[in-house]
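After this come two complexes, each holding subunit A, first together with subunit B and then together with subunit C.
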Partner chain A sequence: MKGFVAFFEKEVRELVRTKRLMILLAVFVIVGIMNPAVAKLTPKLFELMADELSEQGIVLGEVKVTALDSWTQFVKNMPMALIVMLIMFGGIYTSEYTKGTLIPLLTKGLSRGSVVLSKLAAMLLTWSAGLWLCYGITYFYSDWYWDNSAVNRLGFACFCWWLFGVLMICCIVFFSSFAGSGAQVLLGCGAVYFAMTMAGLYSRAKEYLPTRLCDSAPLYKGELVPSDYTAAAVITAAISAVLVLAALPLTHRRQV
Partner chain B sequence: MNTELREYLPLLIPLVIVQFSLLGYSLFHIFKHKNYKHGNRVVWLIVVIVGMNFIGPILYFIFGREEE
Partner chain C sequence: MNVLEVKEIHKSFGSKKVLDGVSFSVPENCVFGFIGRNGAGKTTTMRAVLGLLETDGGEIDVCGQRVSYGNTPTNGCIGYLPDVPEFYGYMNAREYLALCGRITGMDRGDVKKRSSELLELVGLDKESHRIKGYSRGMKQRLGIAQALINRPKLLILDEPTSALDPVGRKEILDIISAAKEQTSVIFSTHILSDVERICSRVAFLEGGKTAFEGGIDEIRAMKGDTALELSLAMSSDTDKLKAAFPAAELREGKLIFPKASDSDCSELMAFLAAQNIPITRLERHESDLEDIFMEVIGK
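Right after this comes the complex of A and B.
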C-alpha cells in the first residue's frame, strides 16, 4: 500500500511536470467549448452555403438549433479527446520497461502490482477529471444558449462515456503487460475497438457490447432509458476488471 | 452584426485564450529545446503554426517533445 501511494504520487508529479496533464485538460476544455460553438454556428454555416445549395436545387428552411445539437456534438467529439488521451498514455508502461527506469525501484522492494495499479489510478484520475470538465463546460454553455431540460439523461450518458474510457484504459494496462512499445499497445487497443465494432454489425449482440455505451443519442432523445444500457455497462465493467486482473500476473512474469 | 458577434463572445474568448496559450507554450518549448524525439526545429515550428487549432501543439507534445 505504501508503495502504491508513493508511486502514485510520482506518477501524478510526472504527469504535471511533463505537461501531459495540462495538455490533456486543455484538449478537454477545447472540446467542451467546441461542442456548443459548432452547434451555435450551424445555422450560420447553412446560411453561407445557401446560395450554393440552391443552385443545386436544395432549398433549406430555417434551421433551429437546440441543446440537443450541442450534445450531439459532444458525442461526436468525445472519441477524438479519448483518442488523444490514449495516444498520450500508450507508452506509459512500456517506456519505463524499455528505459529500465523501474529496475532501481523494483530491486528496492516496490511490488510490480503497485506499479501497475498506481499508473492505472493516475490514468483514471486524468480521464475522470477531463471528461467531467468537458461535460461541465458543455453543460454550462448549452444551458446558457438554449435549455438543457430538452435533453434527457445527460449525467447518465456521460457516465456511460466514462465507463467506456475506463475500458480503453484497462486495455492499455493489459496490452502493456506483454507489448514491447507504446505503438504496439495502441495497436492492441485499436484491435479491441475494431473487434467490438465488427461484432456490433450483428444486431443482436449490439445491446451487450461496450460500444453501445458510446451511443448516447437515443438516450438524449428519450428513445431509450438507462436500463437499456445496464447489460452493456455490466459487461464493460467486468471486462475492465478481468483485463486488469490478467495484467497483474502477466506483468509479474515480464522481463523488465 | 455587432450584437450578433456579441452573442458569440462567451464562446470565442475562452476558446481563443486556451488555444493561444497552448500555441504560445509550445513555441516557447520548441525554442527552449535543441533536440526533439523526431524531426527538427523548423519542422515543428511549421507543424505547430500551421496546425494552430490545438492539433499542431498536441502533435508536438506527443511526437516531438524530448524526454529529459
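Right after this comes the complex of A and C.
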C-alpha cells in the first residue's frame, strides 16, 4: 500500500509538472464552452448563409435552438476530448518500460501491481475531473441560455460516458502489459472500438455493447430510460474489471 | 555469511547462450569486482540477481533468501544502480530520493534525514535543479544515493564508472569506498585499474562462465609473477647477460627476466656490478590485473 500511495503521488506530480493535466483540463473546458456556444451560434450562421442558400432555392424557416441542441453537441464533441486523453495516456506505461525509469523503483521492492493500479487511478482521476468539469460548464451555460429541464436524464447520460471512458482507460492498462510502445497501445484501443462498432451493425447485439453508452440522444429525448442501458453498463464494467485483472499477471511476467 | 550466492546460472537468448554456469559468492563487507569484456554477460547476471530476468537454470540467494523472477522480496535488501540510470527529469534529487525512500517503507522523517546524508555523501546537497539538467556524472552520483537510501545489505553497481571522465570516475570510486563501511558492494566493470583500486575480491566472467574467482591478493599470489626489466646503456652487453642468465628474453630492446625472485634480483645486480655493465634502468614489474585477465581469457 505504501508503494501504491508513493507512486500515485509521483503520477500526480508528473501530470502536473509535464503540463499534461493542464492541457487535458483545458481541452475539457474548451469542449464544455463549445457545446452551448455552437448551439447558440447556429441560428446566426444560418442567417448569414440565408441569402446564399435562397439563391440555390433552399428556404430556411426560423431555426429554434433549445438546450437539447447544446447537449447534442456534448455527445458529438465528447469523443474528441476522449481521443485527446487516450493519445496523451497511450504511452503512460510503455514509456516507463522503454526508458528504464521503473527499474530503480522495482528493485527497491515496489510491486508491479502498485505501478499498474496507481497509473490507472491517476488516469481515472483525470478522466473523472475532466468529464464532470465539461459537463458542469455545458450544464451551466445551457441552463443560462435555455432551460435544462427540457432535456431528460442529463446526469445519467454523462455517467454512461464516464463508464465508456473507464473502459477505454482499462484498454490502455491491458494493452500496455505486453505492447512495446504507446502507438501499439493506441492501435489496440482503436481495434477494440472498431470491433465494437462492427458488432453494433448487428442490431440485436446493440443494446449489450459498450458503444450503447455513447448513444445519449434517445435518453435526452425520453425515448429510452436508464434501465435500457443497464445491460451495456454492466457488461462495460465487467469487461473493464477483466482487462485490469488480466493486466496484473501479464505485467508481472513482463520483462522490464 | 555470504550476502550473495550465485550457483550455476544459465541463460540463453534464442540460440545465443549468454550465461553458461556462472557461480560466485560475495561475503559481507566486501567490495567485489565483477570483471568481463563487453557482452560477457555481466549485466545479464546482475539483472538475474535482481529478479528482472528469468534464468534458464541455477540458483541465486540474496541474504539467505531465494531470488524469484518478477516481484522478488529479496530486492528489499538490495540497492541497485543500472548501467545507464534513468530518472524522472521533472523531479529534483531530494524529491526523487523521497520517492525511493517511501517505496521502501521508510517514514517521512527518516527519508528526509537519510536523503540529506546521502546527498552530502555524493556531493549533490547544494543542487536544487531538476534532474533533466544533470550531467552523466551527476546522474551516476544520484544513482548511488538512491541505491543506498534504504541501507541495503548489498549494493549492486553496473559499470558505474564506464562512461565518466577521470575526475568523475575518481569521485565515484571514492563514494563506493565510503559506502563500503555500510554495505557489501558488487560492481561490474571492464576498467581493471578501478578494480585494483577498491576491490578486495574479484570474479572474471568469460564465455558465459566464471573463469576465476578469489581475493585480489590470492589471485596475485597464485598467478602473480614478478619480472625484472633491464635496459642497458650499451646493447653490446646483451650477449654477455644472455649467456649468464639463459632465462632472459630480449623484448623491444629490453632484457626481461621472467619469474624473478628476490634472490634472482640481487644476483643480477651483483653480476652487473662485478662486470661493470652500465645500465639505464632496472625495474621490477609486478604483473597487474590486466595481465591476469588476459591470461584468464586466453589472450
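For this structure, a couple of remarks:
One rule holds for everything that comes next: the second predicted complex is superposed on the first by the 256 of 256 C-alpha atoms of A that agree within 3 Å, B and C clash if a C-alpha of one lies under 4 Å from a C-alpha of the other, contacts with A are read in each partner's own complex, and residues count from 1 in each chain.
Simple rule for what comes next: contacts are C-beta pairs under 8 Å (C-beta built on N, C-alpha and C of every residue); 3 or more make two chains touch, one makes a residue touch a chain.
All figures in this text were calculated on a predicted structure; none of them were measured in a lab.
By the touch criterion stated above, A:Ala237 is placed in contact with neither subunit B nor subunit C.
More subunit A residues lie in contact with C than with the other chain of the pair subunit B and subunit C.
When the two structures are aligned on the shared chain, A:Lys2 is found in touch with subunit C, with no touch to subunit B. In the superposition on chain A, A:Leu133 makes contact with neither subunit B nor subunit C.
Look at A:Val12: by the touch rule set out above, it reaches neither subunit B nor subunit C. By the touch criterion defined above, A:Leu106 lies against subunit C but remains apart from subunit B after alignment on the C-alpha atoms of chain A. When the shared chain is aligned, subunit C comes close enough to touch A:His252, but subunit B does not.
In the superposed model, A:Val29 makes contact with subunit B only, not with subunit C.
For the contact definition in use here, the residues of subunit A common to its subunit B contact set and its subunit C contact set are 18. The part of subunit B that touches subunit A in the complex is made up of residues 8, 10-12, 14-15, 18-19, 21-22, 25, 54, 57-58, 61-62, 65, 67. Chain contact summary for the complex, subunit A toward subunit C: residues 2-3, 5-7, 9-10, 13-14, 17-18, 99-101, 103-113, 252-253, 255-256.
By the touch rule above, subunit A contacts subunit B in their complex via residues 18-20, 23, 26-27, 29-30, 33-34, 36-37, 40-41, 84, 87-88, 95, 141, 144. On subunit C, the positions that touch subunit A within their shared complex are 50, 52-54, 70-71, 73, 75-76, 78-82, 84-88, 90-91, 95, 99-100, 102-105, 143, 146-147, 149-150.
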